[in-house]
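For reference, the structures are reproduced in the following blocks.
Presented sequentially are two complexes of chain A, the first with chain B as partner and the second with chain C.
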Partner chain A sequence: MRDGLLDPRAVLLHESAADRAAAIRRCGRALADVGAVAEPYVEAMLERERSISTYVGEGVAIPHGTNASKDDVLRDAICVVRFPAGVDWDGEHVTLCVGIAAKNDGHVPLLAALAEILLDPERARALREATKVSQVMKELTV
Partner chain B sequence: MAQRTVAVASASGLHARPAKLFVQAAVRTGVPVTIRAGERSAPARSMLGVLSLGVVRGTEVTLEADGPGAEEALDTLAALLARDLDADEALDA
Partner chain C sequence: MAGIDSTDIHKIIVACDAGMGSSVMLASQLKKQLKGTGVIVEHTPVNSIPDDADVVLCHAGLAARAKAAAPGKVLVPFQIFLGDPAVTRLVNTIKNGGTVDA
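Up next, the complex of A and B:
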């Protein structure tokens, strides 16, 4: 995965969220906190989710904004937010969100790399159950 | 083996939203379809598999299926890939 996309400060491993919208807001805030997106992007993430679920499988969702919100992306970045107690995601049980901010095609290889990790049950589990930021950085940046 | 080759038309390639619409359509056909991009392939009904192909706009992908309903299923899915699914977004809102 490309260097610089994941700021260790955007790896949050002990979060909780009452529902899907709260989880998405948490991801949006993580991206905003590292200067990757402007505030309106968070609403665009919620809008995208209403249009179609960003659940991808393996207990993982990848919330991101609509195409119309790309102007609110300041730089390509991802965040990793873990919800150990899980979040109901339209009937699916999500314990890990990988929030995405991407301006152009930058995020397609990024998603491909993430999907590759999640297709490997061992690496998917390591990512879902990570309790240290360094473990996540290792999985996603090597 | 029925086959269709089509260039992906969605502005953002086959990523989260267009990929999801494609996977949902593949599941609805009830026919096991394989999607191939270059040397990689994945079951069309696997979201992670489709995402792992890393398809950007203009990439040619090949759809393959066998057995009853294969031709119709491939026609449906190829037509979907040939559309810009990102451009449809405003219509969903």
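Up next, the complex of A and C:
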């Protein structure tokens, strides 16, 4: 995997959010905090979510920005934010967000790995219930 | 467009708004499922679907935009990013032969 794509500081396992917008803002802030995106990207993530939900199944959503917001991506990066109490995601129950900032294809292998995990209910559960940053890093980095 | 015969499908584009999230995930799965068939799978933003695409897969919510951006292409809309029946049908048609309806 490319260096720095998933910064351990962007793996937050004990967060809570009142609603979907708050959860997305939390993901956006995590990406901003590691220097991956400029501030306006967070609004673009909310805008993107309003058009089509980024829920991908197994309690996981993958919020990200719009095509127009790629200028606010400073480098390809991923954040993993866990909401143990869950967030109502337009009717779905989400406990894990994998936030994405990408200009290029640096994150493709990680998303491919995530797809594999989500198609295996046991591995999906292990990822959702991970309480250690190292577990998450191990699951997602190929 | 009436549809396309499976033997005429050489390139599939998975399109979404930004081409950085869910389309990437679906494209990676599709690539794996079509391994060995010689069919190329790529993901792009809906505004930059290449001319040589034979089939365009996109979320139902983006179908109108995809149609406008790539008129005349066979468009297969889906609802869910992993395990959608429309995608399974497309894979089966490519592997077993048949026609993909526009």
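Here is the rule we use: the second predicted complex is superposed on the first by the 132 of 142 C-alpha atoms of A that agree within 3 Å, B and C clash if a C-alpha of one lies under 4 Å from a C-alpha of the other, contacts with A are read in each partner's own complex, and residues count from 1 in each chain.
In this text, a contact is a pair of C-beta atoms (placed from the backbone, for glycine too) under 8 Å apart; a residue touches a chain by one contact, two chains touch by 3 or more.
This one's a predicted model, so the numbers in the text were calculated from it and none came from an experiment.
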Clash-or-fit label for the pair chain B, chain C on chain A: clash
Touched partner set for A:Gly65, first chain B, second chain C, both or neither: second
Shared chain A contacts, counted only where both chain B and chain C touch the same residue: 48, 51-52, 54, 56-57, 62, 64, 66-67, 100, 105, 107-108, 111-112, 114-115, 118-119
Complex interface listing, chain C residues touching chain A: 16-22, 24-26, 28-29, 45-47, 59, 61-62, 80-83
Footprint of chain C on chain A - complex, ascending: 48, 51-52, 54, 56-57, 62-67, 69-70, 100, 102, 105, 107-108, 111-112, 114-115, 118-119
In the complex, chain A residues that touch chain B: 47-48, 51-54, 56-58, 62, 64, 66-68, 100, 105, 107-109, 111-112, 114-116, 118-119
Chain A partner contacts - residues on chain B that touch it in the complex: 11-17, 20-21, 46-49, 51-57, 86, 89, 92-93
